[in-house]
Amino acid sequence: MNTFGKLLTLTTFGESHGPCMGGVIDGFPSGVAIDMGFVRQEMERRRPGGSMASTTRNETDEVELLSGVFEGVSTGCPIGFMIRNKDVRPTDYEQLRGVFRPSHADFTYQQKYGVRDWRGGGRSSARETACRVVAGALAKMALRKWGVDIRAYVSQVGDARLAENDADKLQALMAQVKAGDDTIGGVVSCCVRGCPVGLGNPVADKLHARLGYAMLGINAAHGFDYGDGFEGVAMKGSEQNDAFKLEGGRITTVSNHSGGIQGGISNGQDIRFRVLFKPVATIMLPQHTVDVDGHECEFMGSGRHDSCVLPRAVPVVEAMTALVLLDEFLLWRAYAPATNK
Amino acid sequence: MNTFGKLLTLTTFGESHGPCMGGVIDGFPSGVAIDMGFVRQEMERRRPGGSMASTTRNETDEVELLSGVFEGVSTGCPIGFMIRNKDVRPTDYEQLRGVFRPSHADFTYQQKYGVRDWRGGGRSSARETACRVVAGALAKMALRKWGVDIRAYVSQVGDARLAENDADKLQALMAQVKAGDDTIGGVVSCCVRGCPVGLGNPVADKLHARLGYAMLGINAAHGFDYGDGFEGVAMKGSEQNDAFKLEGGRITTVSNHSGGIQGGISNGQDIRFRVLFKPVATIMLPQHTVDVDGHECEFMGSGRHDSCVLPRAVPVVEAMTALVLLDEFLLWRAYAPATNK
Amino acid sequence: MNTFGKLLTLTTFGESHGPCMGGVIDGFPSGVAIDMGFVRQEMERRRPGGSMASTTRNETDEVELLSGVFEGVSTGCPIGFMIRNKDVRPTDYEQLRGVFRPSHADFTYQQKYGVRDWRGGGRSSARETACRVVAGALAKMALRKWGVDIRAYVSQVGDARLAENDADKLQALMAQVKAGDDTIGGVVSCCVRGCPVGLGNPVADKLHARLGYAMLGINAAHGFDYGDGFEGVAMKGSEQNDAFKLEGGRITTVSNHSGGIQGGISNGQDIRFRVLFKPVATIMLPQHTVDVDGHECEFMGSGRHDSCVLPRAVPVVEAMTALVLLDEFLLWRAYAPATNK
Amino acid sequence: MNTFGKLLTLTTFGESHGPCMGGVIDGFPSGVAIDMGFVRQEMERRRPGGSMASTTRNETDEVELLSGVFEGVSTGCPIGFMIRNKDVRPTDYEQLRGVFRPSHADFTYQQKYGVRDWRGGGRSSARETACRVVAGALAKMALRKWGVDIRAYVSQVGDARLAENDADKLQALMAQVKAGDDTIGGVVSCCVRGCPVGLGNPVADKLHARLGYAMLGINAAHGFDYGDGFEGVAMKGSEQNDAFKLEGGRITTVSNHSGGIQGGISNGQDIRFRVLFKPVATIMLPQHTVDVDGHECEFMGSGRHDSCVLPRAVPVVEAMTALVLLDEFLLWRAYAPATNK
């Protein structure tokens, strides 16, 4: 229940205010040179404070590899890692002990488990995604030899869409929302270049179903589509179909409404999908709620929180994409017929 | 790769024009009375020809149970079943042998496997979903004792949304598209009533991630969201948060923007999600494409096809929902603390 | 719970006296020519009546492929198959309805599931292994291109061990036991030639652990060892260690006490293991037991039963071995570094 | 490949001479009071130096819990833990860099992965089993409420079997072998009391198949049997069958040749099985082998090693048993019909 993947798996553990977050990457190929500088760089992209929409919590997020890498190279054995929780101030969160924050996981955890680590959201904190960025960074290194390139970006904040040369509008909206002590959601789009034809599977493990599952596992993700998706709902078959053509002897498509996936299997075109994130639940405004003793009460967020999760979600979306794709590459190699050696 | 589920699993097999479609339901609880009349009823809802948007292929879709049910009751052993492919006319599809139909799986299958059953799309045919309706019908029977009610419906065709008392607009649009030999997509919405607090898991197997995975595994599904989803993208945290309140001593929420799931776990409210379906790829209009010998050519659909997959997708959406929920009920029982006995 | 394997999976269904036994082989590589003559040949080896120790039940065991094979070649899609239960005589088993046969699964099924198909043992019948032989035959076809050869044989019946040129002693013992209306167990040994170095995994999925799991899943199997196993328990490290040497430039071992597996991974030597089978539980002698109404009573076996399961277990042992090895070959390909391309 | 279990899983990582060994226990029930004193006690049983047959390596084996336990109680979230490798002396093992030790995993790892952590055997070191003892200790705590009692013991060393009141003979043999710089194997037997009827599954996940898989995953384990096992091979069906009888209104068996499992499912009697361990591969005597440059050479073990793994294997056998049983209890709860509530 805390493990992603089929051959390549990531199992994570850790609570926001425990001693550390950590994970185990299993099924990682041997012989991959591990560049810790790149891991740090990816972690930096996810770090709070990197944008004015982010919390000011100082997470150094130093990654310690505990196994599976020897003399700078992966050995094929499980890669354990941990990130210590250094800037822990549980007193900030003492007020969380007794109250169910609206649209947080406090209530559902309490009911499901009969007990919960209330410090900073415990296991439900988005801090868990730091582990995914570590694993994603390693997966990206392994994917390099296949020439795969994964790029995610904030394409929409609230109803403001990314226009060419105008990411400023998005930044402005985020700043404005933060000033109002409120939060806002939006869309992260992702484009994968360089995938061969043949990744994915036809029925249960369709490539887009695996991507959707991975994305919907990110905190605050509430939607997923690929290709034209919800935006193309008014288009007819004659408008959405991707005609095949020859290009330099290779079969390719004239358009890419399918988002690079047909019948659950990559068709060699760019893989394009979107992930919807809802607004962060913690707002600095008073809200009605119930406490653990069953009395109605008021709650107002405090402490360090993002007003918009989108900028920090970008490397997480890439990381989860990398995990799915490396897993599928391994499966693809397992079955490779003559045509995709 | 053809198996869904964790404890309750459905493994399917079969090609559109082979001897039969079939499957194995494993991990199904013992002691459930199996009502084959209800199975037939569910199959009837998925049957082609049930709506003017559907194909006229005469699929009687008689379900034969092969195991796991004894004297009308499930035994806890795997339930094998099959549905014979009676109305097979392979000659209808002879033209498919040599051509890659645009936005179909012909090309990706050929490249991935080096071989493909080209008869009517083979394994990639939506006929595979008949097996899911069988399994879903059985899952619904097992869910009855927990009082769970699953209802899906076509909520949008193209850009026409379901208004109160006006499903006619949707029907009209489908008819109009069919008359133009074209196809159209849309949205199936689903609402689940009666789930307790506590179904689902916090990280990898979030309830909505499992639902999304299941829905994106349905043919032609291109998107998924839950709660306010993409429609609520402009709303701020203060607008989307669901305040808690007391109602007759029980904790509930004032609103349900979360779609009944918080932190990956059901919160006792209605579970609401949407599934986007793209237009059917087979259109009765000429399209440019490439044949298996690597020459460009024209292709025009013929035979029996749906102009809009939505009406027939409704029972499939319900079936996949039932499979996910029964699976989660079993997991929930496995871990049930005092509070959710 | 009825599925074996990781990438290559076999899911079976069916009860001894239901309409059929069947299964789904998923994750089978595409492009393998399927020789149904070979399948029949393997089924014939398992057929009752092939030895005087076997039942006289006439099981024609005709295998019908339902999917996944097109124009004689595997397509990469799941291979569904079934074997109809033709020679069903439920009246033979009517007495089984009300009684718990000693050392059979009647009692444990009844308690676990609250219901059971009592006809001929239902799901617990060794007839289920027919499905494994089908899948094993297909796996053997796929393994041919890697030059793998799997040979199992009865090496011990009761305390009579197979001596060179003297399988007669074993046959004689089986005949003698049958004449006494009793049953006897023994050992099936298996030797696999032609495996490369590198199959298997170091910790959870050790090659011998997977083989042991597969063998212990065969009806009546009560033990497993590999290499010198229990027989070598008195030998010291200095006697059991396999010294390495060079042979034509390749590293090999002087002896093979390890049974071809070191650290959970094949070392290129012959893989050697043994499977212990207990005596068949159904004997033609009166036994004390309890009926379903909770009264003590006498029970005496009747109908058609094996006095010794060993001869028929041989192809099942080979089949399960083939399933494990093909699965491991696929995993090995997925991860193949330069050294085992 | 480093994960055990279905609902309750243990994923381990770490090499003998890396910074630490560690693991993640997932699917552990919430609300279990975690007694770290008991964990330490179990670790102490596995500690080297506890018997004269053991190495003198000073492993303090302090277990640090990193997550999943809050205020002394399990939260239902994954339990990460680590055990630092304190007494690491890599120079002891410098000679291992260039040589393939006979009957160790050096050669197979090198071939499979193209790279290996040669320090003290790296991942293949039996030190990995420390993680299993941690997880097993926690599983035992969870099992207490069901009244399950697991007891393993050394029942045979070489050909010396445990006789009543005479464990001295076994100790003497181990001492004698150690004095000769050699090693010896033997048998650990295990008895589980207090299991209800109904744990396990009929086909793939038979209870004994799961136990066998778990035991064969322990370093140096080369065999497994249950009930009368290999020792009872000469007994006929009439001698091995367990007649049912009534005892105080409950159905029980007169004898227990089946080892508490019938048809893959526990029958309420004591579960009895044996695990064979081969002699430790590292001996203090010169052996012929090959180095990594492909030259034949001599190798002689040095450093700290067990002459007999058996005493330290006892808590590992118990731990793996506890993991399998807790997993099966969870599955049993998931499906519990009226009869086993």
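A few notes on this one:
Note that the chains take the letters A, B, C and D in the order they are written out, and that residue 1 is the start of every chain.
As a working rule, a residue touches a chain if its C-beta (ideal position, glycine included) is under 8 Å from a C-beta of that chain, and two chains touch if they have at least 3 such contacts.
These numbers were taken from a predicted model, which means no experiment stands behind them.
Simply put, of A-C and A-B, more C-beta pairs touch at A-B. At the interface between chain B and chain D, two copies of one sequence, more than half of the residue numbers in use are shared by both copies.
Chain geometry summary: the mean Cα position of chain A and that of chain D are 37 Å apart.
Mean C-alpha position of chain A lies 44 Å from that of chain C. For the pair chain A and chain B, the distance between mean C-alpha positions equals 25 Å.
Residue positions of chain B touching 2 or more other chains: 1-3, 12, 30-31, 76-77, 112-114, 123, 202, 335, 337-338. Residues of chain A touching chain C in their complex: 7, 29-31, 76-77, 202, 330-331, 333-338. The part of chain A that touches chain B in the complex is made up of residues 1-4, 12, 100, 102-105, 107-109, 111-114, 123-124, 128, 156, 158-159, 177, 180, 182-187, 197-198, 200-206, 208-210, 212-213, 216-217, 222-230, 232-246, 249, 251, 253-254, 257-259, 262-267, 276, 278-283, 285, 287-290, 294-296, 335, 337-340.
Residues 1-3, 9, 11-15, 18-20, 22-24, 26-27, 30-31, 64, 66-68, 70, 73-80, 82, 112-117, 122-123 of chain B touch chain C in their complex.
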